[in-house]
């Protein structure tokens, strides 16, 4: 019985300034849903996480981090036949992104319908999924849609983050189709400005649409009313993969029954912590650390 | 027209003490044939290297390192459709090895027969291959055997390092068969003690067999005479993947027309430099740095 | 219902080579019972931990680590009125130990009888305590003795590690008296050679006495039979505070109903992992990593 | 016979980005009066420092740093019965300050009236004290007031930095009372904007009042005239504890008989160096490094 | 037959934040012409480099880096009688530059006329030299002028970067004279704003003059037309020694027969990469990384 | 009035594992007499140091370190016309030493007779000099011999450490002559085994001769009696430049009027601390840290 249930893949991430020259790299975990889960747990919400992890060191690290943050891992699966997905990421140099993903056939991409715990989803207040997970494999595609259906049938709020990752889709057309189908099942949809076009056909019918615009802030349209906010001024340490932090803040305020303007405000606040930290999740605040 | 021509895959390597906890890792390249090539080049021999690299940062790093060491890369291929193989390696803690390989479908595993430069091989004095490369894919299997055939036909000395990597073979039986076939074509065969059994059927006919025994040293049987030597006493920093250093030293002395005992001695010397360094290749000596 | 229940204080530890000069230090947690708990949990035993932590970052880190390792923290108390104990430790330089403790009035030292969960102790197979905890304060003195009484009354095995820390006692006489009283209630007593004299009056009646001798190994006397073992040969990284690792290994084998010689063997094995790591607990092995 | 005599406590400081996760920390010393003393000494003024230090590594480090900067330590006392105060400080993450102090009963807090060297104070041009020292203990309260009285009686200029540290006072009321009493004895008073209210009753009679406003600059009111200045534009590395740098710059210009506007200018300059450095004192400039 | 041939000295550089305190430093190479050469090579141009290097580790590192970047080193000379020039550089603290050069009598300063390869220069499209090299010694003075004469006679475009380094000249007058003589032989002259006055007598007759203004951008006057551009907004990591990056970008666009405005644009782009990296050359972009 | 007066050059030292590859280096000071001075000061002896330092950051660092250790620097000279000597040192890799010295014309090599303070020498108990200083320049040659003469005339004990540095002498013959002349004036002579031959002509007449043998220990011949000792078993971190530590220990015991066997013992003890530390001087012990 958690406030939020989420599912997805956690990746090992190795990051450096200039991979062709550097001799030391940062070793961490990342994952859009990991960030959402940690962000919510730090603010005192109960969170359940579903995913498959390898039985090697990165898999153990994933379980250790989730458990350490007080996230319910009782539904996690250890897959002894696959290794963890990892990503080699070059940071900010000249602001040219460079990331090589090794997640093909990863443990996380083998999450399947049979792994989805109906009870845990049906008893949650929110189910959160991203557009990354269904793009990983046929298994995960089915698993995500199964989870969403379980939630909808049980009246659980479905939160979807578009999270278009081009390298996971065969073509833009496939991505458009797949992401639109997912987005159409959302009660709340999170998209950044660049992704709006991809899911435009799903937007009409949405009750709550949240659009982020990087350093330019975010806006929400809830029941026909639109709210806007600036991003927090902050010394940027690493602005990649901060969308999950925003989502965590937004959903946290929603769980607190706060007003849409306050949901945006908390989303912005958590994103600022994420942007100011070399890790996507380690810098996330506790409730005491939130700005007043 | 190089002294030694070799071919193989260079991997990115990310190493740490305890991957589940560490936040910084060492970033480097490794590869048995890379070590052989660098070891020989540092001692003044001309070396040619053949392989496929990705067109991302690890691929560039590979070319940069090879070229930087003065190795001929004119036959290298850049493969724009595959990323580099990498390995996540846990060092020495409690001496329990832990390495996760991401090299399935890597650029290096796509090296194929068509990439093999006949002229470069036919004009070399030695062709060196390891038992790793043919195990990577059907492509590399054919490429290695094609290269060996070209060498044998041209009277070029064929040096083979058994290098059994269990995770690359379906079964021990397949490995035995594959490695024995390769070993049988060798003029000089390098094996460590544990690999001897696997290739026993190839050994009978060999003119020059070199067996390494980790910290216990090495021996060579040349034209029926056997020579033995101790390992050098050395502060061990990282004893993994040092076989290539030994091979480089041995072949260097062979190229200098030294006596088998001196070949062993130089093999031991280079291995000591490798064992004493956190990198498999950066610590390798120049000729001036060799013990007298 | 855990296999082992333990209680004690976890300290923040800041360690450097030469504190008067160094500008970077290692930041970690330590604690004899923390090591015991992590060691057992990694080997698959269920473990419960009781202690008070501060509500600041070190307190959060303590909970995060314990939870992350899968240890039951449901009985932990957060004390908002005290900060965490910490220790400033100088490593190995010239082998002159130097440690300054800041644990007076710490959160951990405020653990009291009322915090002790009777049910959790009564349903455990083993209660493990060390001679550090009762020396922290009057509160902890009572809490430990209360816990031991609960265990003995319920037929739960009581494991005691002498762990004499001179700076925690007013005088050697007080230490002797206090530690002897605690030792006398043990079913299994762990002491290092130097501590034997202090608790000699408690030893006569013991069913199981285990004595460690640093790099010289350890022995156990069980039901009148004595067993001896050598320490594992290992590259020493940090030999301080490894006693807890030994205890974890020994108790793990006991829980597996292994023979005393195998208990010693597993104790030695875990201590070797601890000695080879800069952290007292991070290097501890999983069951797969144990030597055969 | 020094230009400036000051007294106070030097703390060991361990700082990290996120204490709950980081495994390396910065090890340094800090202290408002330490910064003042180093700032002045680097600009060529003679400075005497009085304080008690422990006889452990942090105490030795304190003496080494002070002596190394050419500060007169002949009146320093080594206290063998107490350890050094230390502070665990979390830097800038999301700009939420987090500092845990371990200075209760520290060596520095045991400085007492008997330690105060009358001659050294009477022969100085300026005595500088902060509102931190009297708040440490009854001993230091008396010592500071004794020193101030000696100075006033001898016609030595008394400089006071309010430096309100809430955690050192029982209540705001106590702080107001104690700091006002100290401020009332000042010839020059330094306060930041937030502290002005606390000492408002002391301000009326002051000849020279200097108010800092963080990144917004500072102003001085001298003999009824008010001077204002902007802060220097600077890449902020660590803006905590930079007040002492400002004071050093201001007093240095005063000692040079510069105009109030130039005192402010030099205060701003030194603060900029402090803000741009990870250390409060290591980045302070020499006279050649001052902007023209 | 390279697009650009250049000659100069490569220095070892040891850099730290505050040399009087820091215990770790960055170890790298630097050199205005090194940066030009790497910048051009990364963009796909063929580049030849001429210089003398020591036969020690810094000399080997120089050859390794040049070769690694695919720069033609076939004309490089190894000088066994001199060590490499090095520079001890303090970074950005309070923005007070501090650099101590050890290049007197260095290997690089012994480059002489006899080393200059006529053919390589005559077959290049551009010869690039800086005002640093002729100031190193009588040898290098002659070598540079000899190279320039060879180029001019062969109709090879001569590019000159003023690069006034005051510490290399006896007096401003000598510098003015020497640099003007060199500048007068340029087809394209690069100068920063502060250097314009020094070479004013050479400017009148120039076909192409490029003036950089640090963070304020740059301008070019080509055949009487003037073009201006802003600097790229970028997080500054180290703004020293970025002039060479600008030159590389500018010359690259020239080689591509781009319009002067596009030459400036590419110069600005490469300078931005250099400014954003701790190394002058490692951060330089490939063609794919260039902004569109 | 110091127990020991010494003079010499302090060098900046930049050390790395493999200079051709490493990107971080250790930054420190070194110098045989620096080590002697720090070693003695830590053991409570009063020490005076004479030398010239540059007015740049390394010069300031030298004064800061000497002063910080409580060494009398009142006779030090700041030379504004020369920079500090530095050395680029490669550590232990494959145990092939590699050091490049930049000390030609350094501030330290400009120490001259006029700088030598007669009174400070005449009132010391011991004058300690090494064979490095006179080899630096004509100035230092005269300065050292002047100092020695002052000492001998005043009955001050003259301690000489041979310290043959081949690169500082034109030829072995010159070194032999120069070092023998210096050695002949010694009351106590320190030499390592390899240097004995060079100074054999000076040995006959010596009252006290101390010979070190690296890891094999040391011996002393005092008034015709010979004493021998083993080196301490110690984990070697950096065994270069430890001779000064031995001298400090030996002279300390001499100042305490200890027996020759105890002088050796203390020399061995200090050398062990030096060998176990990455710095030649930072690891040196206080009196409390000495083995009993």
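Lettered A, B, C, D, E and F in written order, each chain numbered from 1.
Here is the rule we use: a contact is a pair of C-beta atoms (placed from the backbone, for glycine too) under 8 Å apart; a residue touches a chain by one contact, two chains touch by 3 or more.
Everything quoted here is computed from the prediction, not taken from an experiment.
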Chain whose average C-alpha position is farthest from chain A's own: F
Interface copy of A-B among C-D, B-E or D-E, judged by whether over half of the contact pairs recur: C-D
Between the pairs B-F and D-F, the one where more C-beta pairs touch: B-F
Rotational angle, Cα trace of chain B fitted to chain D, multiple of 5°: 180
Most remote chain, CA-based centroid, reference being chain E: C
Same or different contact residues where chain E meets its copy chain B, judged by the half mark: same
Chain centre separation in whole Å, for chain F relative to chain A (CA means): 62
Distance from chain D to chain A - Cα centre to Cα centre, in angstrom: 46
Chain centre separation in whole Å, for chain F relative to chain E (CA means): 42
Numbers and ranges of chain A residues touching at least 2 other chains: 18, 21-23, 60, 64
Residues of chain B that touch chain A when the two form their complex: 12, 14, 16, 18-28, 54, 56-58, 60-61, 64, 83-84, 86, 88, 90, 98, 100, 102, 104-105
Residues of chain B touching chain C in the complex: 17-18, 21, 92-96, 236
Chain E-touching residues of chain B, taken from the complex the two chains share: 60, 64-65, 67-70, 286
Chain A - residues contacting chain D, complex: 234-235, 272-273, 276-279, 282-283, 285, 289
